[in-house]
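The same subunit A turns up in both complexes below, where it pairs with subunit B and then with subunit C.
So, the complex of A and B:
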């Protein structure tokens, strides 16, 4: 699995993603945002961070980067594109995913572990999880409050495109378990074809027992597994 | 071509949470201002642009708003000419 980790000025989770990709046997390369060409890759990862200092809006400037044209073309080929945190914000700004990520309702930057429920296991990112499985994964963001108009939200729900939701320890939805005010406790969604996933929580920070959780590992093994020729 | 200065006002869409407005509202209340019903915070962007008419300058900046300056999911925008700069000699 050849994996491109796109690095923008201000990305800060690029090494974590690089390491995560390597951990599941991926041949990872950093691609600077001004470079072009993703055709030889099997998967593209957009890391978290504060690209362009979050100027204008989080992700708004990064999506104008030359490489984003290639990321959009790559996504259209059906190969997996994963955006985490700022990567999710960039995917929304670029139109690869619908909706927007607004300021957390708490008015605070939230940096802590949250519980996530896996609602879809039929995606190339989640097939190694069990439906309804509850994961402990860290979040670290100020703008993770997912919002969309009613029509978009309905389409996401009807088409089963909400992959992860914030839940309590028992896997139940609640306002208390929602760290940022996201509609329907949405933590991660896919595009219509299911090959683009955006999520605010950081599975790449939950890869080592020593660091508190290995619940993110199955996301990367799922992706690697779905790229193996069967 | 004439130089124009365009003001773009980007505002949070009504009904959406505006945390900055909320924080400022609380501060105004705690400083003792009564009767403040709502505070919302947007941003102003100033663009100096050459165009053959004010209308064309505005039309161009509106395209910029749709493409980059505002996010239609969360923000509304207004554009206006604030200052017709002196025509530069050519």
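So, the complex of A and C:
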């Protein structure tokens, strides 16, 4: 699996994603945002961080980076594009995913482990999970409050495009379990074709017992597995 | 090149004339000004006066602390770089070196908490990456007044937000720190930030300007009019009107630029195109250029019109003294300037040649080719007058220390009620409200997050990890400076061994009042002497640090607060232990003894608003043996948890062990048979104690190892399940509570204060 990790000015989880891709056997490369050409890759990862300092709006400037034209073209080929945290924000700003990520309702940066429920296991990112499985994954963001208009939200739900939701330890939805005010406790969604996933929590930080959780590992093995020549 | 003399320089058009008032405004005494005249052999120009003022401020020149700091132990076989550089560096094994340092931003944070704290983090990050190390962790050590004041809540919220936003944006995990609330910090909050960076040994680079003709380059952000004279401002007392009038002396941070500068700097160092790099921190270009010249034994010549500036019309004086953030001074290898420019350009930053290294030993300033300043460089950096002052203990403190506390120690109150009050005190309560605003897991290296005894960062590709903690209980230092400072070092070391780390070295931040006052100088001297004793006993040399004096508002000084930032090494990450109890049925073991004092305790502050009495005594040899014993137990893997017993005493420590991070609390059933009043047994803050838990089959071994090291040890109870609740029996009393009540008090306290809708109090 050849993996491109896109680095924008201000990305700070690029190294973590790079290591996560390597951990599942991926051949990872950093791609600077002004470089061009992603055709030789099997997967594209947009890391977390504060591209352009989150000035204006998180992801709003990064989406105008030269490489984003290539990311959009890459997504159209059906190959996997994963955006985490700031990467999710950039995917929404660039139109690859619907909706927007607003300030957390607490108006504070929220950094802690949350519980996520896997609602879809038929995607190329989640096939190694069990439906309804509850994961422990860290979050660290100030703007992760997912919002969309009624029509968009209905489409997301009807088409089963909500992949991860914030839940309590028993897997139940609740306001207490929702760290940022996201509609329907949404933590991660895909595009209509299922090959673009955006999520606020950081699975790449949950890959080793030493760091507190291994629940993110299956996301990367799923992706690697989906790309095996069948 | 010995004793070069200053050349004649005509006054610059538009600059004010030098008068005694102007000299005084620059923070120089008449005697100090005499010394300037002697070095210069003539009157300084306005520009030169500004340079002397900054370099001879306490912040840059350490004039009131240098002689004391020389008393500290600084050497050990594992020390690679001691004091005098941007940061200290130690060997941590497997070819890795750790750069670390702590720095204060107290004065700016008192005036503008968000920017003050943010730029404090920015500055300490730059000190680390200019050594060639990649920053891997931040800690913050904070002090505020009591949270019942609206102003204090504003400062607290602003500082936490500033520390968080800066570190989060750059992407450096915050792994620990501490905060204390006490009326002693009402006017002057303390904001100290510590950073740790890792590198391979061969990546180390220092900040010396060598090589006649080597180009000096300004890289990073442009120079603006912000923070002019920040170093001098930081060396004065605050007054009521510091608020408004000092705002322009506070710098404004841009963490996004910092992140780019970090990457660009590490790439520059790796490229080999440069021979030296230094942050333009306090006193900006002035201190970075003159210090680099001083270290290199050379001179520098700077052309002010070549410095990239944010606005037109800046004078040499303003450019030299600006403390605009996110700037570096770089010495390039001649002919490789374009490489430097290309690297900076890739990171969307600027680089400009602004001067060169010379061999005439002068700090020379040009404006359009005309000399506007010409100062002998070595006397400027090394000639700063240093003082040893008279220190006399204040009568007020002696009286407080000798206060009879018998009445407080023997009170027949409701112990459980007092206990809950103590857990609810923001000093004891969970600091989750703070660190949940900090990214603690970015860079995927954090093995122990904030909330434990020390933060731990693993070294990828090895079995090793580094641990770090910051500690100081200012009340204890106030009541007895020497023991208090020793206690800070001892507590830091205990915090490290509690995660399984060998204490290795320290960086310190001396936060004190005005040293010109005899009782403050007494505190400073005694604290340094205490630190010296403890650091020698524990073999933890001081590799650098920061001094922040004049922390006074309207004549009232803070508690003397020598914050200890200590680092340790863990050989095998699989042996890391945490403070939380692991399983019901485990034995609870108390290591160490209660020396019976209640002075300076949180109990006294919470129940009587008192900071008085004899603080706990300290036995350095017993502390050292305790550390060794716990490390040995950890090595043999017979401990399931370990937690330092400090603020709040035994009862609060047991509660923290039982509550853990709040997700899966356990219960406690303990009995402590000491010949002491119940309040002292439960809430006394004796040093040298650690609460450990073990599987019952290992208890005997733990007790045997303790005996081997002459450490008093006793099994005091059992970890139970949550439903069984929390119970400690002492000789004539007990504390009994439900775990849910403890959790509510411990975790709910700070959020309830900070997130509750408030009235209009200010």
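The rule is short, and it goes like this: the second predicted complex is superposed on the first by the 230 of 230 C-alpha atoms of A that agree within 3 Å, B and C clash if a C-alpha of one lies under 4 Å from a C-alpha of the other, contacts with A are read in each partner's own complex, and residues count from 1 in each chain.
Just so we're on the same page, a contact is a pair of C-beta atoms (placed from the backbone, for glycine too) under 8 Å apart; a residue touches a chain by one contact, two chains touch by 3 or more.
None of these values were measured; they are calculated from a predicted model.
Between subunit B and subunit C, more residues of subunit A are touched by C. Judged by the touch definition given at the top, the superposed model places A:86 against neither subunit B nor subunit C.
By the touch criterion defined above, A:191 lies against neither subunit B nor subunit C after alignment on the C-alpha atoms of chain A. Within the superposed three-chain model, A:147 lies in touch with subunit B and out of touch with subunit C [touch as defined at top]. In the superposition on chain A, A:53 contacts subunit C only, with no contact to subunit B. Contact with neither subunit B nor subunit C is seen for A:180 once the two complexes are overlaid on the shared chain. Common to the subunit B and subunit C interfaces on subunit A is no residue.
On the side of subunit C, the complex with subunit A involves touching residues 161, 164-165, 168-171, 254-257, 259-260, 346-348, 435-447, 449, 458, 460, 573, 576, 663. Those residues of subunit A whose C-beta lies close enough to touch subunit C in the complex are 9-10, 12-13, 15-16, 19-20, 32, 48-50, 52-55, 108-112, 138, 140, 142, 169, 202, 204-205, 207-208, 210-212.
The part of subunit B that touches subunit A in the complex is made up of residues 16-17, 19-20, 22-23, 68-69, 71, 73-74.
Contact residues on subunit A toward subunit B in their complex (touch as defined above): 56-57, 60, 64, 92-93, 99-100, 102-105, 107, 145, 147-149, 181.
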